[in-house]
Amino acid sequence: MDLSVSIGSLRLANPLIAASGCFGYGVEYADIVDLSSLGAVAVKGLFLAEREGHPPPRIVETPSGMLNAIGLQGIGVRRFVAEKLPELRERRAVVFVNICGSTIDEYGEIARVLSDHEGVAAIELNISCPNIKEGGITFGCSLTGTHAVVSAVRKVTRLPVIPKLTPNVTDVASFARAAEEAGADAVSLVNTFLAMAIDVHTRRPRLSNIVGGLSGPAIRPIAVRMVYECRQVVRLPIIGIGGIASAEDVLEFMIAGATAVQVGTASFVDPFIWTKLLDGLRTYMARHGIDRLADVTGTIDTSKREQAWISS
Amino acid sequence: MPVDVDAAVISNTRLSEDYCVVALSAPAIAALARPGQFVMVKPARGTDPLLRRPFSIFEVLRDKAGAPAGISLLNKRVGTGTRLLYDLEAGARVACLGPLGRPFEPVDPPARAWMIAGGVGLAPFLTLGEALSARGTDTTLFYGARTASELYCVDRFERAGIRVFLTTEDGGRGGKGFVTAAVQGQLDLTPSGEPVHLYACGPTPMMRAAAAVAASYGRPCDVSLEQVMGCGLGGCYSCVVPVWDDAKPHFERSCIDGPVFDASRIAWEALAH
Amino acid sequence: MDLSVSIGSLRLANPLIAASGCFGYGVEYADIVDLSSLGAVAVKGLFLAEREGHPPPRIVETPSGMLNAIGLQGIGVRRFVAEKLPELRERRAVVFVNICGSTIDEYGEIARVLSDHEGVAAIELNISCPNIKEGGITFGCSLTGTHAVVSAVRKVTRLPVIPKLTPNVTDVASFARAAEEAGADAVSLVNTFLAMAIDVHTRRPRLSNIVGGLSGPAIRPIAVRMVYECRQVVRLPIIGIGGIASAEDVLEFMIAGATAVQVGTASFVDPFIWTKLLDGLRTYMARHGIDRLADVTGTIDTSKREQAWISS
Amino acid sequence: MPVDVDAAVISNTRLSEDYCVVALSAPAIAALARPGQFVMVKPARGTDPLLRRPFSIFEVLRDKAGAPAGISLLNKRVGTGTRLLYDLEAGARVACLGPLGRPFEPVDPPARAWMIAGGVGLAPFLTLGEALSARGTDTTLFYGARTASELYCVDRFERAGIRVFLTTEDGGRGGKGFVTAAVQGQLDLTPSGEPVHLYACGPTPMMRAAAAVAASYGRPCDVSLEQVMGCGLGGCYSCVVPVWDDAKPHFERSCIDGPVFDASRIAWEALAH
């Protein structure tokens, strides 16, 4: 059985990628997860500089989901390449570096730093973090902003460039198209949904940042729809993200049009989820006589709208 | 290296309307557990609630041959997850990941150990107390609650050879007032040349007070902080606490850099609650 | 204790409104719910003409939510006023009629029919149904469309006009403002999120309509955020909707800025929810010494961002 | 008028790996229940799963004095909710709303009643059979399953004075083949002047076949359809089935206009599955 998938020139052993911000810098998990067994590891979003992020409370649970407003605490790209990348290479992890800038130049600058180092497989452009004011989602919510960031990074690196799209827009497919036109190698979607929760007794927001990003199974049906919509419009590989917690969820995204997927929140609940997902995918392939998992991508069957007999 | 065990509930002893001790069959976790470490427990299958909850390892249970067989949790009902744990019956199963986190380091004689517990902050101290006793360290538990009926498992500590000093806010049992005031009183009676190591766990204001007392008496103090945790493994950065790092404030992850911290490193004025 | 709230000139006994499409025409519930005990009843979305809606499967459950693609099956506005309205009046229900048109003229036409009949308290403009191709959401996803529909209806009726906004947009507050400028008396938000689910074994969509609308507790944190955002921008009363299942949820929306709320999916799970919600609101008011529930609206306290001590 | 009961589980009898009979204490529902009606059961508290599930009322349970005390459900494990019901232990509680829906109308003698059940479609027929027996109507149950081990509660029907005719697809017990073929065989042997009323419940293809047989032999037939239901009360329009209405196709809500329908009204070619 062949579980490998291709994102442009990049070949991943399987479609499972640890989602950015949900797997630290990868090294935290090195003792319990064989990092080389994952399709890839998307490390925590990095700015050029170190950041402390938002004060706690940073997360709050919601029905079948959670809000986070971490605020991109991080060690900055230079410390990352110095302190984390060597161990990741040693562990033979396929590393996607998720990057965030306050300006277009900053995205370019970070991409340049990363391109100078061995061991980075792809750059994921976080233009969709709902938790920070400057940069990020400002680009992700405007077509020209998206195009500009992708183009700028495209110019300075040969690494695959994968913008990560926000679901907080009217027409996500148009953003996928803008990314494609600007030279992206793939798109990741979705990042979290801007959301909030209030303690009714104190009348104060439950997150210090007031608003945060909703992730987890709750958002899965919306994310699947967005992947499906983008699939109609772009030819780029799509990395599907949002609430994946089982092999069936992985397959749902792939059938909708995803080439690979990322798993975030569910890996908090079960850090050993990866082998279970791989087992589940193999079981499915065996049951349905599928040799190459990649063949599943985009095979949704919308041909027969049964009983379209009574017109609506 | 933590393991995830689909642990069978051996027993669930209700101590009151709010507190219970849940004994779980989890040899692999029991074998690795060190004092002050915690586990992440999934209160129910499915997505409601979604995330695991952190619990200190209260006891390491042993089989007749003395081999580690399981752990128990001292659970206080405060919300959805802790209610589900309270309602668990023997035979049920819960996913339990651990042991996790930086443990308490037990001090050796001649240093004496004073453990300061507020409410359910008692949980990490039984294993610590046993470890201290085992190395011959003179160990006292200062344990405070609001009322006498909220003091639990005291005999369990006494049996482990631990001196127990109780306080209640209403004076119903032991000294009247806050537990940290009692600690301060005892420190007043203790020559500064006699080494005493403080360990504290409880509500944040209590730990902050303990840290202040420790600082003003020049005593080392370790605290075990309670932050909301998403993953317990360093992956999500949800559980951070503000610490001083070269006089610069900095957020550290309490799941892997803690939950036990040197109290003097914590930027208490910035800690949530 | 005063639980009443005001939507413009309309005074509701309490803030609880049965959400459109989740309470039939109201009459279905007359035996088990005292319709006059609700703040209002929003009846199922009506076109001018009868419609059969989409073939089943029309719903599918998702984590803490459900998708629906009913396709606005309905008896049309004329049969509604003839067959349902009289009983609703008899039961002393405060009736919000949710209407949907394929064209702006159709909205106006329906509004005219309703204005000719006693017993309609308000017109809710469904410009946000994600399940039908023609009309509806086409208007709801464009600022000019929203403005045009509201203006057109505003011209032909004296009844309160309440456009119901879709959450499937980048900036919902700008739509609330467009509605306000066009003369709306209030806005309802949110309708459902466009979403989908796929059966991985057949690779076919689980809904006959392929996509459907996500409702239920899963969406609550996003809906609360949208109410909060709109509150910053418009002075109109806001009717908060999305995943409300407890008195605390009602209060969360009110504190975020809602004057009233609608309950949909949760009333499927518990058709007797209304008295429980009212009891819960009274308990809260007693506990916090609140005399007028309306005073809670918009009282979110964002003043003290505790420990904003470490800059992010 | 339906009521919502926080019903205690009296017992849960596992009949196999998949089937069980859950007895619920629910006097208020039991008192109102009519044959073929259903209840909406919430399989677990909280939001996972979120919606209630529809179940036929299998038995009306009576106390020693004969007063209605509860109901039982014949539950087949097919997914999350039915698995949770299968796992329920006595003493647990489940919210149960009912009775709901349009019941079967039992025919009177001299008409004979033939009930046709496929799989878990057996559920509505015990109460119907008892109602028929009570009015002296000659009643037969045609009951089909894939294999002998999937035939349940046959003696329960026999004790109620109902003639039972079994089929299995593999011929392991009773007639070999589909249950509707057996019905057709019996109709062949029945003079057309003898009134026979058919009642069918089971997988959609089976009911469709039953409807076709009924139509070709000119026999009246009522079917109880199984649609996914959101509310059970007519509020959501999720549960519709296509019916002929003045030769025009039309969607009717199976929760309030059904689940029992005159088979000849159903537009079978358009029904899901």
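The first chain written gets the first letter, and so on, giving A, B, C and D; residue counts start at 1 in each chain.
Throughout what follows, a contact is a pair of C-beta atoms (placed from the backbone, for glycine too) under 8 Å apart; a residue touches a chain by one contact, two chains touch by 3 or more.
Keep in mind it's a predicted model, so treat the numbers as computed, not measured.
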In contact with chain B and chain D alike are the chains A, C
Greatest centre-to-centre gap (Cα means) from chain A is with chain D
Chain centres from averaged Cα atoms put chain A and chain C apart, in whole Å, by 32
Distance in whole angstrom between the CA centres of chain B and chain C is 47
Taking each chain's mean CA coordinate, chain A and chain B are separated, in whole Å, by 36
Chain D residues touching 2+ other chains are 47-49, 242, 249-251, 270, 272
Multi-chain contacts in chain C, i.e. residues touching at least two other chains, fall at 52-53, 55-56, 63-65, 73, 208, 216-218, 306-307, 309-310
Contact graph of the chains (line, ring, star, complete, other): complete
Residue set of chain C touching chain D in the complex reads 21-24, 28-29, 31-32, 44, 52-53, 55-61, 63-66, 68, 70, 73, 208, 216-218, 245, 265, 267-272
The answer for chain D against chain C in the complex is residues 1-2, 4, 42, 47-52, 95, 97, 227-228, 230-231, 233-242, 249-251, 256, 270, 272
Within the complex, chain B is touched by chain D residues 44, 46-49, 80
The answer for chain C against chain B in the complex is residues 63-64, 306-307, 309-310
Listed in rising order, chain A residues that touch chain C in their complex are 51-56, 62-65, 67, 71-73, 132, 141, 168-170, 193-198, 200-205, 208-211, 214, 216-222, 224-225, 228, 243, 248, 251-252, 255-256, 284, 288, 299-302, 304-312
